[in-house]
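Here the structure comes first, spelled out in structure tokens, and everything after it is commentary.
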Amino acid sequence: MIRALVWGENVHEQTNETVAQLYPKGMHEAIADALRADGTIAVSIATLQEPEHGLTSRVLEETDVLLWWGHAAHGAVADDIVARVAGRVWQGMGLIALHSAHFSKIFKTLMGTHCALHWREAGERERLWVVNPGHPIAAGLPAHFTLENEEMYGEPFGIPEPMETVFLSWFQGGEVFRSGVTYQRGRGRIFYFRPGHETYPTYYDENVRKVLRNAVRWAYNPAQTTQDVTAAPNVPVEQALEPISERGPKLHAHGDRGFR
Amino acid sequence: MIRALVWGENVHEQTNETVAQLYPKGMHEAIADALRADGTIAVSIATLQEPEHGLTSRVLEETDVLLWWGHAAHGAVADDIVARVAGRVWQGMGLIALHSAHFSKIFKTLMGTHCALHWREAGERERLWVVNPGHPIAAGLPAHFTLENEEMYGEPFGIPEPMETVFLSWFQGGEVFRSGVTYQRGRGRIFYFRPGHETYPTYYDENVRKVLRNAVRWAYNPAQTTQDVTAAPNVPVEQALEPISERGPKLHAHGDRGFR
Amino acid sequence: MIRALVWGENVHEQTNETVAQLYPKGMHEAIADALRADGTIAVSIATLQEPEHGLTSRVLEETDVLLWWGHAAHGAVADDIVARVAGRVWQGMGLIALHSAHFSKIFKTLMGTHCALHWREAGERERLWVVNPGHPIAAGLPAHFTLENEEMYGEPFGIPEPMETVFLSWFQGGEVFRSGVTYQRGRGRIFYFRPGHETYPTYYDENVRKVLRNAVRWAYNPAQTTQDVTAAPNVPVEQALEPISERGPKLHAHGDRGFR
Amino acid sequence: MIRALVWGENVHEQTNETVAQLYPKGMHEAIADALRADGTIAVSIATLQEPEHGLTSRVLEETDVLLWWGHAAHGAVADDIVARVAGRVWQGMGLIALHSAHFSKIFKTLMGTHCALHWREAGERERLWVVNPGHPIAAGLPAHFTLENEEMYGEPFGIPEPMETVFLSWFQGGEVFRSGVTYQRGRGRIFYFRPGHETYPTYYDENVRKVLRNAVRWAYNPAQTTQDVTAAPNVPVEQALEPISERGPKLHAHGDRGFR
């Protein structure tokens, strides 16, 4: 079983009537439901309001793939928790950043960029095209699919050049967007998936739900570890793989740890 | 003229006799000297000890390419200055991270990874191989060149998959390393160059100096801007490029700024 | 001066009245005109009908960047000329493949893929978005620009994942396309640029013309060579950079050339 | 079961005494043996000498991953068979190119480059470093492993920038090499793995055998198809996803197929 953790900000569900009616159990529950349809995924949930946002070290160590939905409260996520999540991604936990999570601290931290875009909330039509039909995240999808009402996100999207581009979106109002892109950071695989505005029923769409399941399976890395991957060990001269002698001046005394 | 700024940590030059004798004016001066040999580069210098580490907004706005050497005092660089430098890279300033700057805050911020490696300070032989001989950073170099005494850095190097790999290093003790790698973050071009341990005369080596000049010219982006590239503007419905009507429920009132 | 060579198939200009009226001197002349507006580019022309298609070894050696427009007669281009052009790209000649050249032998050869897409000739609106605004090929362009009448090309486009994606297209009929993508093959830089259907005045559009000029400057590689880059030289044991002794059984006698 | 097909050139095994003694059943059998140790892989064999080199359309359609070892007789492989194999890779068949297959027609065709390198046959030590320890192809391997006797391949290696670099090699004589690199072409995944000179017992090495098994599992794409992926269908105006009217002059009559 792949251990997926759906993280929900859980703010608009409590404060906005439209969102509350559309996602009465919270958006995280709708996302979790989509995953539960896959018998190989075991789903847990965490929300912003829990202690440590529900993202304790123990929880993260027992998570294979983390899905992240946030929008109104990116700033309320504690910096040390963000660092902890990033560290776990480097160990091999997958991360799936959803929609407005393009501006989440964790996504920006892992991208190294500002992740800006331009946007319009008009309930317009979005059509997602599969540009990499052999990619596991596109498995079982039609050549394109439509979300009749979505928020528009327009290019330029301030991300690094992706490892792979899986989806491109066409918007009724005239824009395009790289809606499904992959990255690797450390041992962790990352997928950004654009749709999912909270005032529309996007997470009830069957194609969207299939993408979420595919993405969890793709992001799962069996070669993950819970050991420290950020160590920078000194290799003593006498343990060099090829025999060498120490030469020249040195900065470090024997057994020093390096600077960092 | 390309406006290059050499940033030096300037710590070991003041505290370690070997380094002080090798680089009596500071390592930053040796690096700057290498650049001054190119008539198209105007060189300035900044150091950790200056107010704002010499990296005021004004200075950065007037910098096309920033070279960064740091080792002992990564932690002493203020976080808000790091954020300012990253923002300027996103606008198009080039960044050249040298040697132990793999662990600098600015490089880790832009990579989104931990940038760890393993290392040995034994004055062993390093041989750099040009693997992308058509790359501008390799212009005028031989197929390979040797530094008789260098610190070893060994793989795995905790960086994202590079945009381009320009150099690979062979070490006498049996290791290999991706010694010259490129990235783009926002409009800014980034080059990491491995050699440059402070107890060896690496920055007096003619091939290394040529790489530095080539890298500055490569990292210079004439399409840089000093405007805010991190804005996420709302495009009003009535200004859509294709005529659309607003549909469905909305979260944002007219004229709202987005969350971030 | 950058030596650009515009290669035109020159078939529909002779056989189709619409094309002949739109491009009375040939499409290659309209493309060449766009380049001539840049004082740093020296422009030549070659066409399919010339001996060796105008692409003799001498002509190619004196070409820095080759622009290729073809559509109806891809099959008429001789295979040995295609191999010659590919070899010159590996040496560092830039290649700009225009519109229907996605199916040219030279583009498919350099991509290693089939380069298929789907299409519609309806004179619909195409809007090109700059997704990499810091890229030299996008210099001086607006955030997006429109061609009121163009042929539609739709995803999936059967190309390898690009090195960089510079433009994405939005089409009125509902499709999207990766309209400006870069690659490197050997020392040669390659740019594919989608617009340019022969029944529309695309090559008179000022933004398109600017892209062509930018692309020539970007694709120009000063580190090109006219030497054989495909040699696979044997390095004799006694010339190894580190002293080694021959061990174990051998296949090759001293001085043998390798198999290929 | 993943259906793997090991293709062996099977020349030196018949003509060179050293190779015949080392690999008495042929190198392809040693490679196949390595795969048979994985219960999820069903292994078949084909050789150059069979009709159609053992690579009929039917055989390829029933192959998920093809492993290719060739050296002395690259030129004897028929061009139409190479085109057939490439077409099957575009459909999603994986390809693993081994050692001297860097110069095979199929690998060069899929890379779009010349794939040259320099080399030395001296039985020297090769040490492979894992540079992407989270990659499935590196699963279960130590941080590095050594082949005491191998042929040297040195950079620059004339390949496109890889999608991922998994292994780098250190050679005793002073060279380095990108020994494990991945690509995607169409729906097909490609892995090049450097070791495997025919006069050394490389394919009996346990780490090498593990890499082969890992690579087959990685290259297996469940989303492969046996349908034609190279079609370039015309989408009639009346079937456009968004209603548009035909405008402007046309080249193609209704129902025309496109040029190619």
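First chain written, first letter: the chains are A, B, C and D, and each begins at residue 1.
Heads up, the rule we're going with is that a contact is a pair of C-beta atoms (placed from the backbone, for glycine too) under 8 Å apart; a residue touches a chain by one contact, two chains touch by 3 or more.
From a predicted model like this one, the values you see are computed outputs, not experimental measurements.
Between chain A and chain B, which partner chains are common?
Common neighbours, chain A/chain B: C, D.
What chain lies farthest away from chain B once each centre is taken as the mean of the Cα atoms?
D
Is the number of contacting C-beta pairs greater for A-C or for B-C?
So, comparing the two chain pairs, more contacts are at A-C.
Where the centres are mean C-alpha positions, what is the separation of chain C from chain D, in Å?
26
Chain A to chain C: how many Å between their CA centres?
That pair's centroid distance is 36 Å.
Could you tell me the distance, in whole angstrom, between the mean C-alpha positions of chain B and chain C?
31
Where does chain C touch two or more other chains at once, residue-wise?
As it turns out, chain C has residues touching two or more other chains at 127, 133, 154, 161, 163-164, 172, 174-175, 184, 186, 241-242.
Answer with line, ring, star, complete or other to describe the graph linking chains that touch.
complete
Can you name the residues of chain B that touch chain A in the complex?
Residue positions touching the partner: 12, 16, 18-19, 71-75, 86-87, 90, 100, 103, 109-114, 116-124, 149, 152, 154, 158, 160-161, 163, 172-175, 183-186, 197-200, 229-237, 240-242, 244-252, 258-260.
Under the stated contact criterion, what part of chain A meets chain D in this complex?
Result: residues 92, 127, 133-136, 138-139, 144, 163-164, 172, 184, 186-188, 221-224, 241-242 of chain A touch chain D.
Where on chain C does chain A make contact in their complex?
My answer: residues 127, 129-133, 143, 154-157, 161, 163-165, 168-171, 174-176, 178.
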